[in-house]
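By written order: A, B, C and D. Residues from 1 in each chain.
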């Protein structure tokens, strides 16, 4: 297996996330397991004060977002060398409750090689360093959701 | 949230797994995160002696398999009470390399509530107690894949 | 007598040479008795029998378990799905 | 002089009132100088400026970093995607 042939898919897109197609793109003949994380727009939120979301408006600094997704994929490969394929996709635009907004998927030959940890690391890192922001539009208007991670030099 | 309204999907099927549709069925208005595991047929296997698979033939004891899937879902809910939706689907029949054969998906409001662990527990348990078997057909004939878990009374 | 339905899967089906069978059990028969009777009736089961799992009415069952009337009994190897 | 492109996102875009701007920097200007100049030019940036992150040519940058010729500089709040 040549590392150069390992598929890495990353994108910022306005299109619906197609899990079937994305999984297919990161499945090799040697792949036996995939861990996939998706985030969705919550219409009702309890944690941090109960409230209702009409929709979220996602915005990205696209070229930097795609570069940072590539960096997250590199970080995953260096930590979990058995990972075969990686997909990192952020949907942007106006997104309504129940809609998948983000996907991180990692494939490997076997499930006990870190694919779950790799996918979890991927979504954690995306929420730290990939420049995407969301504005929550509720019944009473809109508000930017506040992030809190301050990247360090070299990140 | 009434526990009775939490969606649980389980099936043994000959149909292609549709991740988009399955995810939609276990997404509530309060859902913000999903962890999904899929297993695929490996065409090339290195671990345990390099060899090539032409296809796998999956067989299930369907009514018991579905009952045991329901039990796995119950076990997940008792261990991770924050899990909202659960899907457990096993595809059977003749399945070729790169094809997803099994899916375990768990949803929750937030990603830090155990969804990754819940999905991992689900696939581990499925491979222990859900009566499904596979025969590996290679260039030189077929051989049943051997399981090794012996259920205990009450499992 | 207790007439039960027997189902064979995977290596046990290959060994029995059939998918299912009916069996008349004496009253009070246990899972161990069923295995003995089946081993006599289907000699081809022998190689797979030592590691066979048994279910009774779709729950895992063990040698000393009694067989209820009209039970659905299945024999199969440790599972290998996924 | 060093003419650079400035991009604003999220709360910084709301504060600046525009998506992008051009800025002429003195030679040797740093990220800190850019922030000072922008705060003067766009007073609406003030509330969001203390927590703003800065990127230079699509890499995170910090107060003492020098600005290369013709850089693409972006200002935005800590990320909140996903």
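Rule of thumb we're sticking to: a contact is a pair of C-beta atoms (placed from the backbone, for glycine too) under 8 Å apart; a residue touches a chain by one contact, two chains touch by 3 or more.
Bear in mind the structure is a predicted one, so any value in this text is a computation, not a measurement.
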Neighbouring chains common to chain A and chain C, by label: B
Distance from the mean Cα position of chain B to that of chain A, given in whole angstrom: 23
Distance from the mean Cα position of chain D to that of chain B, given in whole angstrom: 48
In chain A, residues with contacts to at least two other chains: 39, 123
Pairs of chains, among all present, that meet the touch criterion: A-B, A-D, B-C
Interface residues, chain A side, partner chain D - complex: 39, 58-61, 63-65, 67, 90, 101-102, 123, 126-135, 144-153, 155
Contact footprint of chain A on chain D as seen in their complex: 7, 9-11, 14, 53, 55, 58, 60, 62, 74, 76-82
Residue ranges of chain B touching chain A (in the complex, touch as defined): 18-20, 23-24, 27-47, 97-98, 100, 107, 109-111, 116, 119-120, 123
